[in-house]
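In the part that follows, the structures are each spelled out as structure tokens.
Both of the next two complexes hold subunit A, though its partner changes from subunit B to subunit C.
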Partner chain A sequence: MSLEPNYAPDEAGWECGNCHRPLEQGKVQACYLDAAFDVLLPRCPVCGLTMIPKSLAEGKMVEVEALVEEK
Partner chain B sequence: MTLLEGPPPAGDALWNRQDFRAVAGDALRPGGLALTAAGVALCRESGLGFPCRVLDMGCGAGATLEWFEKQGCTAWGLDVAPKCDGNAHGTIRADAAAMPLKDALFDLVVCECVLSLFSDVGTVLEGAVRVLEAGGMLLCSDMYLRGPSSPCRADGVSCVAGARSRDEWEALFAGAGLRTLHFRDHSRELALLAARLVWYGISPCGETPCDASGGRRPVGYGLWVARRS
Partner chain C sequence: MHFDQQHLHETEARCTQESPPQCRQACPFSLDVRAFMQHCAKGDFGQARRLLERNLPLPDVMGLICDHPCETACLRRDLGGSCAIGDLERFCLAHLPVQSRPLPMPPKRFSIAVLGAGLAGLAAVWNLSRNGYPVTCLHGGERTSALLARHPQLAGAKAVGDVFEALDRAGVKFAESSLDEASLAQAMESFDGVLLDADATTLAPRFKDVDAATLLWRDKCCAAGWLETTPTGHRYASASRQANEGRIAAQTLERVVAKVSLTASRGDTFGPLHIDISGIAPAPRIEPGPEGFTPDTARKEAERCLECQCLACVKACAYLRKYQGYPKVYTRQISNNASIVKGHHQANPLIEGCCLCGKCTELCPENFSMADLCLMAREDMVARAYDPPSAHEFAIEDMESACGPESFLSQPDPSGRQRWLLFPGCQLAASRGAQVLALLRHLRKGLPGDGVGLLLSCCGVPAKWAGRPNLHARMGKRLAEAVAAQGNPVVLAACASCMESLRQHLPGTEVRSVWETIRDMPLPEGARTGLPKSLWVRDPCSARHDAAWLDSVRTLARKAGVDVEDSPSAGRTTGCCGYGGLVWCVDPELADSIAEDGLPPDLAPEKRGEPDARPVLASCIMCRDRLVAEGVPALHLLDLLFPGTGAASARERGPGLSARRAGRIALRRAALDGSDVPAPLAGVPGLDVDAALLARLEERHILLEDVAETVQAVDAAGRYFVNSVTGHRLGSSRPRRVTFWVEYSPKDGGFTVHDAWCHRMVIPGCGSDAGQPWNRQEDAP
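So, the complex of A and B:
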């Protein structure tokens, strides 16, 4: 059962600064303290450089970090 | 073993939801089987013979039963709606509040995130103690209130609602004839599970995801080992 959230770029048209390839949605694992969370994020199909959209960084990531850190 | 019809399971309870099981795993509770193993280690430090005869109250999908069987134990599970899939696990469909088993059958009774679902915990604990041999042990992990106590709201669906203070839990154990030997705080495991639920957008029991970590109530997760007096 696939549950991972899918976060597209906040704005279209992003490409990898190293490989100059358009970013594609791909499954990556975000690790924080001892916890790992799967997510679909825009990443370079060549070098794997992954972009974290601002909306994710300031939204769900903040919420989850607070929960993991509070106890 | 007698098979009894228990009350109907809570269909929309968190542990019955496929999305929750995908996130929490078949152990269906904070800490998973690692916490079970930690609790058993405490029991053994306190003199529990091992392998042993164990009853898992609220066995659900049978992950704990399987773990005990792998350790060489004779394991039985009790649940109003066991979800073990036709394998070798011994499961009894029954209500823990109406314990159908004979006295003194087990060395260890395990209650993992189960007691908080009952409003009449005293009756459930009396049944657990009755099926324990003299000197047998209870291994319990459950939600507990870390701050000022507030009335228990156990509703049979949400374990958060049925959280009690540590003192209240231990008074219930004592009332049933159990002497608490160990307590360990495992609230971090609860926080990690809550974080996973938030991340994957799963709302427990129709409430906001944060309520899995206590939300408006300061809820932690505790592990107790108690011995039948």
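So, the complex of A and C:
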């Protein structure tokens, strides 16, 4: 079991528009300035297209960006 | 880096907020009278008494005889009478038992003799014994006789007996003595230090024969406790001065026996604490009555204390209030921020939150400048690359767009003559394109034969505000080239910040306010109906020192038939609307609070919505647009001059960020085409974005063009998610250091936008990385 923060899509029903596959949670490395964080995000198991849900972009991500900028 | 220690000390010394108030400066014991009064006002008389015990020698006796010079200095003096500080001290000392126990000090091996048991001698005995020195007090007659002879009101007071008991318990030796030259000679022989009480012996020298700062007479002998003389020659004893001299002499003897400097770090020196008492209502002094104060009357009298503080700048500035300190504290926080190697730069928001308007400098009796401090800190952050990118990046991009090929225009007068050059500034161009063209026509008509050129650009001041002096200089160079190409005409600025910035960029060129130039011209033709009868003038912060600007605005308004009155934000001490210093970009909420400062009471939030509320007259378009966004009715000066041309009503909000960019482009096209009115740009063809949604997105600095570019990029590449329930598509692009996400759906050959968001983090598989192959290995458990 992964210990990384896990962010699912805000609504159900999303799939890859290109590969037409349902999204799966996959580990990716988010980078900002000199910092990097592992997170689990919804993405296409075939082409790797990765989604940032709005709740993450306007919530935790803003907080973390601000913290990294203060370093 | 400018934050060397000396510079820091010089800067923070300008803020006098930590200087003691007048009452404390007048108290020989430097009693924190303000804190004492605050404790009393809260009914916490125990804390109040503890403060007296910590500061006063022989506190119970001093309370009874103190001549309280603090009251003479009290600023309540002419506002109902000085606070009854002396009576309140007596109340605390009489009604509560001793609140603190002296800390036992390790005994010292140096012995001190005090000759004479007057108030000064006993004060010295008190302090020396508390500090662990073996003290012998030689007195003539009874040991209480000198004290009671000078202060007969102490006769029968229990406090006197209590004090001597306490001294006995502390191990002080009292011995009757003839107090003559022989006893002095013997004391000098037998003790490590000697103190002479000038009010209880005849041995002491005159005051002028001792060192005034240390009260050292000779060798290891000090003296203290002289009588005061009035200008008419009357001699009297000031209890507070006598006791204080005893305290000073005791300190000197401690240094004498320790063989350390008698003067180093001794006696705090403070600048004056500036206090504005205008507008404070008088409140009559509450007298204690024959039985003294009761707890209730004591509390009420203490509530009269003005709790003197300066805070002249803090009271007037939402930014300075936000961080709950004052410039001296902020100087230290900003300086500490600059010296952090590892850890969080917690003062970044403090540094970025100042609108750099300079109101604090105007209000501060010492001319403290938060603007200079914050600008220096911003330049340091940029130079050492620890400035937060999210703070100013969007504003700098906006500046670059206003100077970009779609918006920049340097257009000489068609006649070829080149005497004047109108520089409307990028925000007036963005918000009031039609009025800019009307102003240009008016100038050309009013200055026939002179030639009036037009320069559409940003002045570069955002770069300066962002702490990027090199970028600001590059902007200046480009503008200087454009002005030179038009023959170095007189530049007529319609924005006060532009005027300031251009004067820096163009040292050899005259830059003046366009209002000054049109002040003496006939008003533009056209009916002026529907204008308010009267307006509140709010001056732009950058124009505070430009008398011609300030006068021209008022003159032009009156010529247009409008009566004007200065709002609290007018003239030299006017404030910013929150646009300055890029606060609108960094901390929009704070920028809104800054805009609220300096509004007249009849435009308070609960009153400004009334239909007959008197609007504000602004001569800066950002002041005008930002105030209207706060619900404050406001007009721009151009609305009085050209009411029929693109004027807004006092309630009509200014354009949003996307529309501002479109407005600049439209103005440039109209100027090139020779049109009178810029043709509005019809958004992005084929892209349907609800106005309320766009306003929300612009709060996150997502512009219409960002949305359009993202939709076009992701849809063309087919790199989007699709929702099987709603049919919406979701994709991202990263055209610069921000990734934009747009949720949209195709409609009639175009697109309807449902939502958008953005982030600065880089995520593989998103934005510009969305098309790159994905390494499945990353998924391995």
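Structural remarks
As a convention for this text, the second predicted complex is superposed on the first by the 68 of 71 C-alpha atoms of A that agree within 3 Å, B and C clash if a C-alpha of one lies under 4 Å from a C-alpha of the other, contacts with A are read in each partner's own complex, and residues count from 1 in each chain.
Operating definition for what follows: contacts are C-beta pairs under 8 Å (C-beta built on N, C-alpha and C of every residue); 3 or more make two chains touch, one makes a residue touch a chain.
For clarity, every value in this text was computed on a predicted model and none was experimentally measured.
Of the two partner chains placed around the shared chain by superposition, subunit B is the only one that A:4 touches, whereas subunit C remains out of contact. In the superposition on chain A, A:64 contacts both subunit B and subunit C. After overlaying the two complexes on the shared chain, residue contacts for A:52 are found with subunit C alone; subunit B is out of touch. Once chain A of one complex is fitted onto chain A of the other, the partner contacts of A:34 are limited to subunit B, with no touch recorded for subunit C.
If you count the residues of subunit A touched by subunit B and by subunit C, you find the higher number for C.
Shared contact residues of subunit A, touching subunit B in one structure and subunit C in the other: 64, 67, 70-71.
The residues of subunit A lying in touch with subunit C in their complex are 2, 11-18, 23, 26-33, 41, 43-44, 47-52, 54, 57-58, 61-62, 64-67, 69-71.
Of all residues in subunit A, those touching subunit B in their complex are 1, 3-5, 34-35, 37, 39, 60, 63-64, 67-68, 70-71. Subunit C meets subunit A in the complex at residues 343-346, 348, 388-391, 700, 718-726, 729-732, 739, 741, 755, 757-766, 770, 773-776, 778-779, 781.
Looking at the complex, you find that subunit B touches subunit A at residues 18-19, 22-23, 187-188, 190-192, 194-196, 198-202, 210, 213, 220.
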